[in-house]
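So that we are looking at the same thing, I have put the structure below in structure tokens.
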Amino acid sequence: MPTIQFGDVQVEVDEDGFVQDPKQWTEDLARYLAKQEEGLDNLTEDHWKVIHYLRDYYQQFGIAPMIRKLCKDTGFDLKYIYELFPSGPAKGACKLAGLPKPTGCV
Amino acid sequence: MPTIQFGDVQVEVDEDGFVQDPKQWTEDLARYLAKQEEGLDNLTEDHWKVIHYLRDYYQQFGIAPMIRKLCKDTGFDLKYIYELFPSGPAKGACKLAGLPKPTGCV
Amino acid sequence: MAKTDIGPPDYRQMLPPVVQRNYGRWRFHEIVRPGVLRHVSENGEELYTVRVGSPRLLDTDAIREICDLADRYCDGYLRFTSRHNIEFLVSDQSKLEPLLQELWKREWPVGGTGNSISNIVHTQGWIHCHTPATDASGIVKAVMDDLYDHFTHMDLPAKLRISMACCLNMCGAVHCSDIAILGIHRKPPYVDKELVSKICEIPTVVAACPTGAIRPNPKEKTVEINEERCMYCGNCYTMCPAIKIMNPETDGVAIFVGGKVSNARTAPMFSRLAIPFLPNNPPRWPEVVEAVHNIVQVWIDHAQKGERMGEWIERIGWERFFQLTGIPFTEKHIDDFIFSVPTFRSTTMFRW
Amino acid sequence: MAKTDIGPPDYRQMLPPVVQRNYGRWRFHEIVRPGVLRHVSENGEELYTVRVGSPRLLDTDAIREICDLADRYCDGYLRFTSRHNIEFLVSDQSKLEPLLQELWKREWPVGGTGNSISNIVHTQGWIHCHTPATDASGIVKAVMDDLYDHFTHMDLPAKLRISMACCLNMCGAVHCSDIAILGIHRKPPYVDKELVSKICEIPTVVAACPTGAIRPNPKEKTVEINEERCMYCGNCYTMCPAIKIMNPETDGVAIFVGGKVSNARTAPMFSRLAIPFLPNNPPRWPEVVEAVHNIVQVWIDHAQKGERMGEWIERIGWERFFQLTGIPFTEKHIDDFIFSVPTFRSTTMFRW
Amino acid sequence: MANSKTPRLDELEKGRWPSFVKIMKRAAVKKPAAGDLLKQLELSYEEKVGHWKHGGIVGVRGYGGGVIGRYSDRPDRFPNVKEFHTFRVNQPSGWFYTSSALRQLCDIWDKYGSGLTNFHGATGDIILLGAPTENLQPCFDELSEHGFDLGGSGSDLRTPSACVGPARCEYACVDTLDLCHTITQEFQNELHRPMWPYKFKIKISGCPNDCVASIARSDLSVIGTWRDSIQVDPQAVAAYADQGLDIQGEICGKCPTRALSWHPERKELEIRREECVRCMHCINKMPKALRPGRERGATLLIGGKATMKESAFLGWVIVPFMKMEPPYTELLDLLRRIFNWWDERAKNRERIGELIYRLGMRAFLHDVGLPPVPQMVARPRANPYYYWRPEEVRSNG
Amino acid sequence: MANSKTPRLDELEKGRWPSFVKIMKRAAVKKPAAGDLLKQLELSYEEKVGHWKHGGIVGVRGYGGGVIGRYSDRPDRFPNVKEFHTFRVNQPSGWFYTSSALRQLCDIWDKYGSGLTNFHGATGDIILLGAPTENLQPCFDELSEHGFDLGGSGSDLRTPSACVGPARCEYACVDTLDLCHTITQEFQNELHRPMWPYKFKIKISGCPNDCVASIARSDLSVIGTWRDSIQVDPQAVAAYADQGLDIQGEICGKCPTRALSWHPERKELEIRREECVRCMHCINKMPKALRPGRERGATLLIGGKATMKESAFLGWVIVPFMKMEPPYTELLDLLRRIFNWWDERAKNRERIGELIYRLGMRAFLHDVGLPPVPQMVARPRANPYYYWRPEEVRSNG
């Protein structure tokens, strides 16, 4: 398993850069991943809104929301989410939010 | 609705003699019904075993047990139950036990 | 106390001597005329059977009348058929004609053999049952009055078996009939909540629902019905007297067609929905009589010789059946129950 | 940054001039010889198509080789078929024979038209997928080597379409093939419980199971599998990397038969289970090759002219199919999934 | 007519089909219960709704079934049908009667009941329609004394029935009447004392024409059939041809498997035995010339039932062929295993067909010990969701 | 051979069918990734088990689909396939190519990838097999520059495909290629950015022969057909007869509805138009004489899919006939309504066929505004469990 080191924390990630233990997630980690993975220098309010929404949803239901729900509940359309996270909601936003890697239907 | 009067209690029953409000059931009522409905002068231990089993089961599950279960759990075979309650488990035993009238499949 | 478990009378005591002699040794039969069969045995003995339409609901006088006839013409032997007709078993050919004469005088219809309509298998309805959506005897009488000539003549393309059941329990086993007349409800039942909590087994009621429309309400010890899901089958009512489903305004009749039971030529088939609803219009249900008449007539006009209703429809296609009968096709005809998928059209083959 | 959402190249740029001129104006075709079609347009123009078998897995050199041929004989135009064959589009008849010669020299098989076996539609297998129960390319190669002559000759009763999928996801869409080769698992998956709790969406895993064999274990934040109910489909694995289903000892291959897609004569049909299991025996899977060979041969020996596999079996009955092929019938052949009931025999009609 | 009390029902006295209203009116003259029934029915015709209360559970001593309880919901207006219970009396096999047996029934019923009956109920019983509670036991006692017993009701074995069979039909491949009687006698306890999850029906037809509709109407359907070749009388075939029967069109053309060829030159009918699926069609059309084969027995099918609640099922073949000769040990043993399997596993009110659907035919066959054969299915499964017993997987390595 | 590193795979170089092993070996000479793939595959052949890790989620900027991530589980032994992702490149409609377009693809793929491809994937895409993560974006950039775009993957619209249609087939009743291209272009966003509950596939065949297997393999299947009569060239029919075609046996005898009669005396083929169900059989057998009618369009079917998880479905007719002419507004609008209906209601990973099964065809038709017609069903329901909208019951009183 690859690890990433930022500050003094060692975080295990898989090949795709998804955090392996959701408990290790912090906002700093999100910022770090944003830079590394998405090339984002800073995260705007809208980024955080998506990230927090994803985390809350995951904590409540144990799954990532369906895209339609994400768009509806954040009020952002999908195009805009791709603007925020160029790799898209799964590979981009979920990763930054520390959710398990979306599986299946690829 | 017909009623039966025994001692100073008035108990509502339906045409078939089933007690309408299960809360009104008492052991005395069972004895009374045994006489009236099944022509039984006294209830033996085995009678009570069946009656109590039925009541317990009903209280726990909200339904009467299936016959197979009744026989298994009391250890009495069906023939013997008909000896105890000549009208049979439904019309006889359930009635004495104050259960709702078995429905359906008649 | 009475003897129990003796079982039914031994059928052997009920068999006429000619049958006893030729039991298992019949060689062939022919239909001498509508309603009259002639069976010939291996040793050449003959048995004439005269089939007589019965309303099934008989009083003891009617039974005694039949017994009288049997005594007079059949040495006291007779039987009933699986479709509730009466069969006089005439072993003496010379008594055949007199029996027929007498039946004619007494207005008992003789027929139901070969390519005819036989008696309508049916049920209790308002006569004796607690769950009907319609009456049975009345509809049967009205329909048979209308189709009478097809009972007494063998002028149909094939056998025609109509059945009638007054509710979805289908005691008339209408599910495999050429034409099925079925009493249906159309409104979700009303639940007397307080009564439910007292006199019903809630888990049983919940489990009874084919469509999962019933939720328990454990707090109030009662049940709730999801009206969108309820298909008005009445099974919850069967389980619980505190649920009411009969409704004089909205109950009525549905017609299914194309079922059969025999394995001859084609496998047994279910009857399928033709007309989702016709009103309850006693005493003679003219809409039902007319609808059945129409279906029978279109079948007569279009079927090939020997083709049962369902065989005919499967050959011409259901789309054509709806066209020829003028019956409108609706969303109700499209299955949405458990085995719906195999009824969908998964081919581009169909007629316009 | 790259342009996005431009969509595929416009097919119009890819069409040879003869096609552009006769687009929508083809009048008829004939099969000149196995693998060679001649299409004639309304104004008499001709197009020859030469169909060439492909392993589908091509390196860039192979593609360039094909391109060379297309340049030389087809003015640089070619296409692939829906079953992954290559089609050379020859508009100049004089180039047909030379092309065929060259293909022959280069050992590219020409065929797959008319009443032949075409290419086996197949999938990734061990080449690229993470869920296979067997390899795809290897089996395809071994089976096609065996059936090669039926590709290059049109000597079959009808078209024969074989497909192969390496797991129950059925990317080869084997479910409607004359013969389907399907990789299957036979043991319930192993659940790495700790890992599940970390990296899997439990509700998704539970919902993935077609047979409801997966229970959540909320306490340990993991899942449990009811081994009696598991049918080894691997759908839970697809949803969760912490579940392991591949098993070198017990994975293998099943054979389904009798499916079709076209609406010609008979409606499309599903393929149905013939052989529940054959072992994974790389590199050449002799048991699979032999089983397919046997089925094809029995079909050839018994089918009427023009009868697809499924049409033949439906005519003679499945009981006869098992008898003729010598394949044992087992409890596994009897459906017990959602739509089982309509597959049961509800008639006394069958052959001994 | 104008002041008839039953103007609506009077309409049903018209027409040529025998009128149940006339019958009820006649009965009403003798029996107040019949009179009140008529009036209550008129009320139903007026209001378009039934007037019987829910359920009713009554019976006779020692039995759990055989009587259907019924109470009017308008005892105020129709006191004579306040209690109006029916008996299900077990018919003799094949519905054969002597007039004296019937008269005996009539006498008893005139004494205790409404005088109204159904000949017969849809399951096959004699239905005696309507008696008050207090008459039930004495009426039963008297029935029993005269050799009649009750049929099934409730969650028990229902009254078996059978087609006329060898008594009057040349097609019968099994002795339907004897078999029906034997089964009924064998399972008297199961028939009279409901002990199961739900009802269980058995019907027996002598051949695939299935004249008791057993495939549609019984949990276990027994249908006579044969294993060898149809018996042909060539002369009789030729005679049919001479009489103008279109053998090619009407017989061969409708044979489901095209097992027949007609050679008009030779007036010969050729039957490819291995193709014949014994549908009866050709035999039905030429009863003088063709007969079922000699090696006879029955096909058993399970699960037939009407629509409630998992939808209607036609019976499914579970035994393609079983010899059917007294004492029918093989069948009776199988029945016991089937009853038991179902009884141990079913939910309340789950018919055996529904249980098999829920648990899978595989489980059923395995547990009752029937070997799987292709005759059981119209076609094999189209899905790959099949079970491997752990021991199989081990041994297959 | 004895010390070959791939003794097992070497066996697959034998035989007459083109060998993928030979191809891989050739690629391995140029590309280390191809070499390691070969070796890993040999290991799989030895161990009888795959060696790819679960999943992998990689991609290119702005898209959510189009690349399948894949990592070796033995990167220690096969470092060159440690990352081995594939592109799905959207094929041109009908899989037509110029050699120059193909060469361009080859050049790009030699630059960034393993040099191995599938022509084509089972959905119809060009599959470029195996590239490391860092090459994905540049490779895509270059593909895009040369006019190629990615196909679908994940919960999105999958790459539509179409049969050769009017480009080379005389049977085409709709312009499959144009329609396929139009749909693909219209729904680029839906194709590239997964936003739905699951995948959605569309396939288009020009006639009922269904040469892209659309009825079995697409959630929405478009199949060309016609409404009027088959066009007959009587001379050509006679010519077939003269050449010895058994028109009675092979054509008329196999017409599913017996819509054809052959009059040998007159050498005339009679077609009863209203009986023809447009199965294509007679046209297939006599392409020089018969052609589809002139009033052309398509039948739409919904729900086709493979076995996971509610079992395989063949598409179900939802529109018996729709004209198919540019700009295909009616179809595109309907597609939008369908997408929307499904998207709003489906559970995660529920195909539209499964959703329709769960909610009922009635709900689907009603909500997307399609009128029920008997052509939608093989036969009507056999059960009485149908729904009454409250307003209907009120009005029917």
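We call the chains A, B, C, D, E and F, going by the order they appear; numbering starts again at 1 in every chain.
Methods note: a contact is a pair of C-beta atoms (placed from the backbone, for glycine too) under 8 Å apart; a residue touches a chain by one contact, two chains touch by 3 or more.
Values in this document were obtained by computation on a predicted structure and should not be read as measured data.
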Touching both subunit E and subunit F (chains): C, D
Chain separated most widely from subunit E, comparing mean CA positions: A
Chain whose mean Cα position lies farthest from subunit D: B
Comparison of A-D and B-E by number of C-beta pairs in contact, larger one: B-E
Whole-Å gap between the CA centroids of subunit A and subunit B: 64
Subunit C and subunit D: spacing of chain centres that average the CA atoms, whole Å: 49
Junction residues of subunit B - those touching two or more other chains: 63, 101, 103-104
For subunit E, residues that touch 2 or more chains besides their own: 53-56, 61-63, 68, 189, 208, 210, 215, 223, 256, 278-279, 307, 311-312, 314, 348-349, 382-385
Residues of subunit C whose C-beta touches two or more other chains: 168, 175, 204, 208, 210, 233, 241, 249, 263, 268, 270, 337, 339, 341-342, 346-349
Pairwise chain contacts under the document criterion: A-D, A-F, B-C, B-E, C-D, C-E, C-F, D-E, D-F, E-F
Of all residues in subunit C, those that touch subunit E in their complex: 1-11, 13-15, 19, 23-24, 26-30, 39, 47, 49, 53-64, 66-68, 70-71, 76-82, 84, 86, 89, 107-109, 121-123, 125-132, 135, 137-138, 141-142, 144-145, 148, 151, 165, 168-176, 204, 207-210, 233, 235, 237, 241, 246-249, 251, 259, 261-266, 268, 270, 280, 282-284, 305-306, 337-339
Residues of subunit A defined as touching subunit F within the complex: 15-16, 18, 63, 66-68, 71, 78-79, 82, 86-91, 101-106
Contact footprint of subunit D on subunit A as seen in their complex: 20-22, 61-64, 100-101, 103-104
Contact set on subunit E toward subunit D in their complex: 208, 210, 215, 223, 225, 227, 256-257, 274-275, 277-279, 299, 301, 303, 313-317, 320-321, 357, 359-363, 365-366, 372-388, 393, 396-397
Residue numbers on subunit C that touch subunit B, as the complex places them: 198-204, 208, 238-241
